[in-house]
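Take a look at the following structure, please.
Going by the order they are written in, the chains are A, B and C; count residues from 1 in each one.
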Amino acid sequence: MACGSCCVELTSCVFEYDTPRIVLIKSTKVGLMNRVVQLMILAYVIGWVFVWEKGYQEFDSVVSSVTSKVKGIAVTNTSELGLKVWDVADYIVPAQEENAFFVMTNVIITQNQKQGLCPEFPDDTTRCKSDSDCVKGYVGTHSNGFQTGKCVAFDNSSEKTCQVFAWCPVENDTAVPKPAFLKDAENFTVLIKNNIWYPKFNFSKRNILSNVSTAYLKQCVYNRFTDPFCPIFRLGSIVSEAGQDFQDMAVTGAVMGIQIRWDCNLDRRDSYCLPRYSFRRLDNREIDHDVSPGYNFRFAKYFKGETGVEMRTFIKAYGIRFDILVFGTAGKFDIIPTMINIGSGVALLGVATYLCDFIVLHILQKRNYYREKKYKYVEDYELGPNNNYGSQP
Amino acid sequence: MACGSCCVELTSCVFEYDTPRIVLIKSTKVGLMNRVVQLMILAYVIGWVFVWEKGYQEFDSVVSSVTSKVKGIAVTNTSELGLKVWDVADYIVPAQEENAFFVMTNVIITQNQKQGLCPEFPDDTTRCKSDSDCVKGYVGTHSNGFQTGKCVAFDNSSEKTCQVFAWCPVENDTAVPKPAFLKDAENFTVLIKNNIWYPKFNFSKRNILSNVSTAYLKQCVYNRFTDPFCPIFRLGSIVSEAGQDFQDMAVTGAVMGIQIRWDCNLDRRDSYCLPRYSFRRLDNREIDHDVSPGYNFRFAKYFKGETGVEMRTFIKAYGIRFDILVFGTAGKFDIIPTMINIGSGVALLGVATYLCDFIVLHILQKRNYYREKKYKYVEDYELGPNNNYGSQP
Amino acid sequence: MACGSCCVELTSCVFEYDTPRIVLIKSTKVGLMNRVVQLMILAYVIGWVFVWEKGYQEFDSVVSSVTSKVKGIAVTNTSELGLKVWDVADYIVPAQEENAFFVMTNVIITQNQKQGLCPEFPDDTTRCKSDSDCVKGYVGTHSNGFQTGKCVAFDNSSEKTCQVFAWCPVENDTAVPKPAFLKDAENFTVLIKNNIWYPKFNFSKRNILSNVSTAYLKQCVYNRFTDPFCPIFRLGSIVSEAGQDFQDMAVTGAVMGIQIRWDCNLDRRDSYCLPRYSFRRLDNREIDHDVSPGYNFRFAKYFKGETGVEMRTFIKAYGIRFDILVFGTAGKFDIIPTMINIGSGVALLGVATYLCDFIVLHILQKRNYYREKKYKYVEDYELGPNNNYGSQP
């Protein structure tokens, strides 16, 4: 290329064509070896980089929006609450979320709490024998309120605990109902609507495919084999697909992941770009290394009592939170990665020459003969241009 | 490079300089062609890869946090509810979300529900003539409760439906109010605060730009042309920018995307890194391939009746969920991609030589002459070094 | 390579080995220079690209799921509300969110609102002297309801404001309690459970590390130096780590980012893949360029009054929203980027030859001597093959 000479003799540079001088060695062994190495590199570049890994494509990550709607009715019959029917407004808390929904499967309800004085729930830190065991103003990590410094009898029993100022009576969450309160939740269904967008390619698609009829959507239920594109899922199936037991999970709650993968090759037709569903448990199952296993949270329904005093129904809700995780990449032909990969491939082809040179010039018996042909030895100028350089020809 | 010889004759290797021998062919045609091909490749590498696609930059994806605040008052006057005013606490459900907000635009309210026995809402599956048409314990997909097995008159009408144990009276959602109940929502405004962060470059910015005064922010409303950086949006404008009709959307609900694109070139000044807003409808408009079109969800307000019995106001809320989708990439000069692209460009320049060689040696009339100059033919050693190789010196 | 000749003389092509002819110049100066340039490029490719930037790896972005649970009790004693205890169900609104949680730290409560007529809260736009100052049906940006057109006395004071149909009495949010109402929130703790997944490598991990015992988790609190992997955080520490003042923040609210960075080298053992926590304030602190500084939102608790009329407790909740931002990349050895970088590196090594050639052929005093050795000048065919080309043998 020697383009530096352009600056010196610009015209001659433009009208000159420079190409490396080549030795062509007619040798079956070396020739074959050289071609095999070149073919392997070519096969790698074309086969692996271009065909398999689509090195000619540019990629983009998904932007997603999800809505969900759960359907189902559960009936419970307990001594405390009596016969009770639970519908969507009762067991979905909060009523809507962005990329998740929570289905309450178990519950500890403390009714008619109001602010006042009452004995703490008995445990190692709250049991007392006399007032001196209770510290006025103390609030522990698991306290329900702040201690008044008195030691009083708990629930007319012989047990005594420190008195607290709290929402009274305090919650008793030691016995989690088993089997789970809303065990019928296994048969609830959820409709998931997912809209994705690849901003770089301005390509958007929905998980409700356009070749599916409303009639089908009204009655289908997702099944990995028979109905892989039905957007309606039975909660029990989601859990069992992840290799878990729903009734077991329902007792203390869990976090489940509904994964929607959108891997799209936008060089092909849109209709090949399809959602793939998979399911995974996200919370920790190793009981040994966990604090507060399962999944639960507390909330309250507030109301005014007869005298205008604020009261509440305090609810510790155990349940399954379903996180809808949408991910994926779309690829489309783009000149930049193509050229980067071609350039890289060409450079790798050059490696074939180095490799063969090494074998030819250093390993083969006839190496000195080949070396003579390839190299021209030139002594430094200081030694004089009139020297015999010992170079072939 | 022949660095393998280093191992054999290290010193000679270090003090030797090897460079390919070149044939310089003085030919206007071939020389010009060669330079043109080289220039084209150079122009591609510099122009496209570096200037247009910023191949010298490393990229990072955005990490974002969004808060929103809706303002506005709506008044409705219906026979059922009378004159009623709706403020933020009434129509925003839930009160706050992370990257979204829901504005209730239409509503079906079922007041004073309590658990008990009542006839199902009449439809194809619930109508009955006698008790034998109703299955005790049956719960269908659209049931409001579980059937007791009795067939009773619905609402003092001549129609008879299966009796259910449910929250009674059951909801009648057949007639969606039209025009939408809170049609005034079109004039509500929302303030969106968005904080973005590029972790790789530790660069953060807010969509409330620092060169904007509080006075401006207090009165501005986003407009694509006149106020493109005002973070306050009129709901009606968002919908119309997306090419939709607000009043139409308000009836059955919808999901709208507020897209904030942060494409930043961090090699330039911070003040050029600006948010770009765009709007898009995210839910399915194709009525043919959809289940439960629009967007709605159910929730309830619970209270205690006079006798301490739990009652609720059951609400089916139709409305527009606005999803705030933040995306974008920031680029900044980095040595790695620069070198990858330069290396790739250099390799591509080599392709020019191959191309010209092919033309010179195989297509031009004088190909044999050029070939003689470029190649030195060497027979294999077996044929003896004393052979006449037929090579041009 | 000259593979075009394959088409002409395929067999000869396969059994031929072509390698460039090289001039080996024995010169200490030029030889050393060449090796130094080559070493520098090699050092860059190996040291920087491979060792430092892990150019041999493929990367993937994190898919994350977060749950959080706050613990703590606060006590307040005000003239308006009396002695009151606040627990999780009172100050966490909504009860659960996906990647965030909101802790109420300050509050303006308007009790027993019901729909009706009342005077607007006095400000510049609502004060009036007579009915003519009020426009019937007018609703402003900051209105609490729609004006009836009457001008009435506000709260038995001499001040007169326009009457509105609204939830009455209207909220007075001019005086934000200071110090913050729930200033005790500083000592609340939050347990954050984070599950991450790298889909490309099918690698998942939790922030509750498997080598940590339950006993430790029950009592630990995060500290950057002593307990960097404890998933339980004191809210006050989060804020002070971000260089902010909790009590100051608690008054008007704020948005805090809890950043969890998962940068994993999956070529190493799993146990080296660890979460790194950092904290940052996300909302705007520049009072000059902000609307509605801090963070607050309004919600209501609804109940039925004695006569069955709907009433509500209207709450303007100031507080700190903690956004949990999970990000990071995992890298694992992959053949594609390795080959791209090697190819690019090989091409860059070629640059060394160009560079040295330029120096040797254009700058060194002996340039003409070297040029003679490297180049063979060939005149164009037109000038006749019988010419003396003037080429060095």
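Just so we're on the same page, contacts are C-beta pairs under 8 Å (C-beta built on N, C-alpha and C of every residue); 3 or more make two chains touch, one makes a residue touch a chain.
Chain-to-protein mapping (UniProt): A, B, C = P2X purinoceptor.
Because the structure is predicted, anything quoted here is derived from the model rather than measured.
Undergrad: Can you tell me, using the touch rule above, whether these chains form a line, ring, star, complete graph or other shape?
TA: complete
Undergrad: Superimpose the Cα trace of chain B (P2X purinoceptor) on the Cα trace of chain C (P2X purinoceptor), which carries the same sequence, then give the rotation angle to the nearest 5°.
TA: 120
Undergrad: At the interface of chain A (P2X purinoceptor) with chain C (P2X purinoceptor), does the proportion of residue numbers present on both copies reach over half, so same, or stay under half, so different?
TA: On the two sides of the chain C (P2X purinoceptor) and chain A (P2X purinoceptor) interface, the residue numbers are mostly different, under half being shared.
Undergrad: If you average the CA atoms of chain A (P2X purinoceptor) and of chain C (P2X purinoceptor), how many Å lie between those two points?
TA: Distance between chain centres: 17 Å.
Undergrad: Hey, what residues on chain A (P2X purinoceptor) touch two or more of the other chains?
TA: Within chain A (P2X purinoceptor), the residues that touch at least two other chains are 1-2, 18, 20-28, 61, 94, 97-98, 303, 340, 343-344, 346-347, 350, 357, 373, 375-376, 393.
Undergrad: In the complex of these two chains, what residues of chain C (P2X purinoceptor) are touching chain B (P2X purinoceptor)?
TA: 1-2, 4-5, 8, 18, 20-28, 30-35, 38, 44, 48-49, 53, 55, 61, 93-94, 97-100, 102, 115, 139, 141-146, 165-167, 255, 257, 259, 261, 280, 282-284, 286, 288-292, 295, 297-300, 302-304, 310, 312, 314-315, 317, 321, 323, 325, 327, 340-341, 343-351, 353, 356-357, 360, 373-381, 385, 393
Undergrad: With touch defined as at the start, can you tell me which chain B (P2X purinoceptor) residues reach chain C (P2X purinoceptor) in the complex?
TA: Interface residues on the chain B (P2X purinoceptor) side: 1-2, 12, 14-28, 61, 63, 65, 67, 69, 71-73, 75, 83-85, 87-90, 94-98, 189, 191, 193, 195, 197, 199, 204, 206, 208-214, 217-218, 231-232, 301, 303, 311, 313, 335-336, 339-340, 342-344, 346-347, 350, 354, 357-358, 361-362, 366, 369-370, 373, 375-376, 393.
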